[in-house]
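Both complexes shown next keep subunit A, but they swap its partner, so subunit B is in the first and subunit C is in the second.
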Partner chain A sequence: MPHVTFIEHNGTAHTVEAVIGKSLMEAAVDNSVPGIDADCGGACACATCHVFVAPEWEAKTGTRNEAEVAMLNFAAEVKPNSRLSCQIEITAAHDGLVVHMPDGQH
Partner chain B sequence: MAETDRVIIVGAGHGGGAVAATLRQYGFKGTIMVIGTEPLAPYQRPPLSKAWLKGEADAASLALRPPAFYAKANIDLRLATTVTAIDTGAKTVATDTGDTFGYDWLILATGARARRLPIPGMELAGVLELRSAADADQLKAALGPGKRLAVVGGGYIGLEAAASATALGATVTVIERENRVLARVASVELSEAYQVAHRRRGVVIELSAQVAALEGVDGRITGVRLGDGRLIACDVALVGVGAVANIELAQAAGITCDLGITVDLAARTSDPSVFAIGDCTWRPLPHYGRDFRLESVPNALEQARQAAASICGRALAAPEVPWFWSDQFDLKLQIVGLNFGATHTVVRGDPATESFAVFHMTDDNHLRAVEAVNMADAFMAGRLLIAKDRKLAPAQICDMSVAMKDLTV
Partner chain C sequence: MNDAPAPLGLTDHEAYSLPLDKIDVSQGRLFQNQLHLPYFERLRREDPVHYCADSQFGPYWSITKYNDIVAVDSNNKVFSSASEFGGITIRDRRPEVRRESFIAMDAPRHDDQRKAVSPIVAPQNLARMEAGIRERAGKVLDNLPRGEKFNWVEKVSVELTTQMLAILFDFPWEDRHLLTRWSDVATADIAAGVVKTEEEREEILAECLAYFTRLWNERVNADMQPDLLSMMAHSPATRNMTPDQFLGNLILLIVGGNDTTRNSMSGSVLFMHRNPDQFAKLKANPALLDSAVPEIIRYQTPLSHMRRTALEDQEIGGKVIKKGDKVVMWYCSGNRDDTAIENPNAFIIDRKRPRQHLSFGFGIHRCVGNRLAEMQLKIVWEEILKRFDRIDVVGPETRVFSSFVHGIEDLPVIISG
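Here is the complex of A and B:
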């Protein structure tokens, strides 16, 4: 199973096993990574699963969909590499993926 | 908070599961016991009428946390167990398994139950409600190509089930007592758009229709008899006519209740050692200056954070503007705010395109609520604007050349 790393705003890193076919958000929630709230459970309705994808991984995590772009536009500290982690589906190619988290999702 | 503190959570649903996890996240070191009537560990209900019903999500994906989480986090889950009484003096709860457990903090997360209709035929086989995973299993098993589903009640759950059943090839009739669907919970504009959207995709909607009885043969439903005498033939009927808060346990313990268990903005009840969260609460809405009962995941999660913060001695987060979502067909609805105090609406976009938003404004153009269909930026902007109690110019809302983001700066 691919390993992915979530880095909290304070620098604490959490490397967890992700499940192929599930979302990156689920990898965080299933492993109790603090900092991903995911209030809507992946319905792309809440924007509380915001992450910054490390530049070298942007190509492998795909592009944002229309609703995701609209939601992220209003997130507290949006950056060009902002994504909603519930919209990234884990594949074998994501082993080693690194994402950073903003300072709070609410 | 002391290391020996004992928390008992009554109800292992979305709120109960979330507050247990949040307590640990906030560093709570004492014991946590979660007692729940259902046989399943805490799971998410929203997919039961959406992705899960359509077969697009598996049962494991419903779980709020993976099964190993509870042991790892040292959370004592007591499933298939019902709390039958609370003694607030002795600080104990009694269960139907004959146990008595002591607590220092009690959190009531008992949720709500489906309202039952006082009409003949409710006991027939094939008459279902949709609240639990067990209900959803029954409904899913009864659906499929060629099956006829009658949905009594045009609320969110009924309409979502209608959309999912249609996707599964069933023929669906929605029967609504009012003259529009979503009458209690949405604007006229939104109701009309959803009626059009459902009818366009093959759902039959009967409005201003009274249900006189559910009729059956050999104990199995065969149709819904309307007040005007017509029979809507069906193989299965889903009754979705609202929910009633589970407050009896709290009431019997002498805890103050209204239409729900009365709580403050720290999720505390009239008993200082007892909190209540989620669908079972009657809670303040600080942005609207009144109390209300909300039935939504964001509400349960907000109150879970309030209760956990109170117990752990943490500062409370600023109150959220209530919000909600609903997925039907390819329509993604996001609602923020409530229309208390609103006197007029302004529509952005064209409902005919299935991408639009209804803005609810007060007399002096303060924003109270936004209902956004396939228009996430209107929802997100609304969230910020309502929290700030900002005034908006109606002409700007309608003007699609003005970006929503620009209205928030």
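Here is the complex of A and C:
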């Protein structure tokens, strides 16, 4: 199973096992990674699973979809590499993926 | 024990015996008397997307299941919030007293106006406000009467949320009670008696507009400050609003920042009183507040519904909603949907995934102040637990006559001395 790393705003790293076919958000929630709230449970309707994808991984995580752009529009700290982790489906190619988290999820 | 459907009495019997096409959940009295939940339970089971052809608010659809509500709430292309179609409450305001605000507006104008004020609740601003919120909460709690009955709503919930709002607007402190008054006037059902006519409502809201216009004029020429008025005065998206739009956004921010948290703060005392096992758990482990706070907000559901208007035909839950139809998402029902939330009628402060509730809405109109609301509730409970052994509710609560604001007006309590 691919391993992915979530890095909190304060620098604490959490490396967890992700399940192929599930979302990156679920990898965080299922492993109790703090800082991914996922209030809507993966419906792309709340922007509380916001992450920053490390630049070298952007090619493998794809680009934001339309609903994601609309929700990220209101996040507190949006960057060009902002994604909603519920919209990234884990594949074998994601082994080693690193994402950073914002200061808070809104 | 909880707020759930009461044992079958006459009215519950009616909820289950009325023909489906006679069920009209829009009546304020149902919510005032806490009789609404059995009706919604029946609708979720028998007719989850329900058409009511005739009500005081005209015909409307009720969306009662959690997942259907998420689907409608996140489909803002089909389901409009715009005030020109009637806005975001089941009541259609008369065109002459209808006004825009960013909650009652569609993209892209909504997006720009919302972004003008949303930095007020950005993480750094929340951190900046935390100490002040704690200090004010402590002061209010320390001054409460001991060993005698008082109204928790008035002395704590209203006071703390009014103070918070005054800080957010940088509103003259000595006049802050005007904010509560305007909030109540803006949302009151005429039948509830806060105002007697729409004309009276408009007169009082005109005073609100005049007061805030004076403040605006001071701030528009001053340096930018981190308060809601300065933010609107200095943002390109909001600095040229018409007086009506300005008033619309003021009401939105006042009601959104006041009424909702107030009622969750009142509800929380009632829920802890009625669920002593949960309160005992919290006292033993105050860290559970992280999950207790979203559970309080789910259980209270301070706004019972949000309304949309269909811009095209759309199927939801097997029913076809027609272009132009009024669609009401009953958050209070989705939050009790047992296909989405386990044992939803129980108040459980350490439930799994407590943040999955509908009270803040979903999609682009999701509550902008949600994290501030949670922080206020968390802090007030942290300070309560430091000071009081328990808060006894000593009489029946009085609730608001409204199918929109799910509110508590009077909650008699005693804190032993």
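One rule holds in what follows: the second predicted complex is superposed on the first by the 106 of 106 C-alpha atoms of A that agree within 3 Å, B and C clash if a C-alpha of one lies under 4 Å from a C-alpha of the other, contacts with A are read in each partner's own complex, and residues count from 1 in each chain.
The rule is short, and it goes like this: contacts are C-beta pairs under 8 Å (C-beta built on N, C-alpha and C of every residue); 3 or more make two chains touch, one makes a residue touch a chain.
What you see is a predicted model; the values in this text were computed from it and never measured.
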Since both structures carry subunit A, what do subunit B and subunit C do when superposed there: clash or fit? clash
Output check: A:Thr12 vs subunit B and subunit C. Expected answer is one of first, second, both, neither. What do you get? neither
Could you tell me if A:Ala45 is touching subunit B, subunit C, both of them or neither one (first, second, both, neither)? both
Name the contact category of A:Pro34: first (subunit B only), second (subunit C only), both, or neither. first
According to the stated criteria, A:Thr63 is in contact with first (subunit B), second (subunit C), both, or neither; which is it? neither
When the two structures are overlaid on chain A, which partner does A:Asn73 contact: first (subunit B), second (subunit C), both, or neither? both
Classify the contacts of A:Pro102 with the two partner chains as first (subunit B alone), second (subunit C alone), both, or neither. second
Going through subunit A, the residues touched by subunit B and also by subunit C turn out to be 29, 37, 39-41, 43-47, 67, 70-71, 73-74, 106
Contact footprint of subunit A on subunit B as seen in their complex: 21, 24-25, 44, 46-47, 61, 65-66, 69, 72-73, 297-298, 301, 317, 320, 323, 325, 327, 332, 334, 374-377, 380-381, 383-384, 405, 408
Considering only the defined contacts, which subunit A positions touch subunit B in the complex? 22, 26, 29-30, 32, 34, 37, 39-41, 43-47, 67, 70-71, 73-74, 106
What residues on subunit C touch subunit A, complex-wise? 70, 73-74, 76, 107, 111, 114-115, 118-119, 121-124, 126, 353, 355-356, 360, 362-364, 366, 368, 370-371
Residue set of subunit A touching subunit C in the complex reads 29, 37-41, 43-48, 67, 70-71, 73-74, 76-77, 102-104, 106
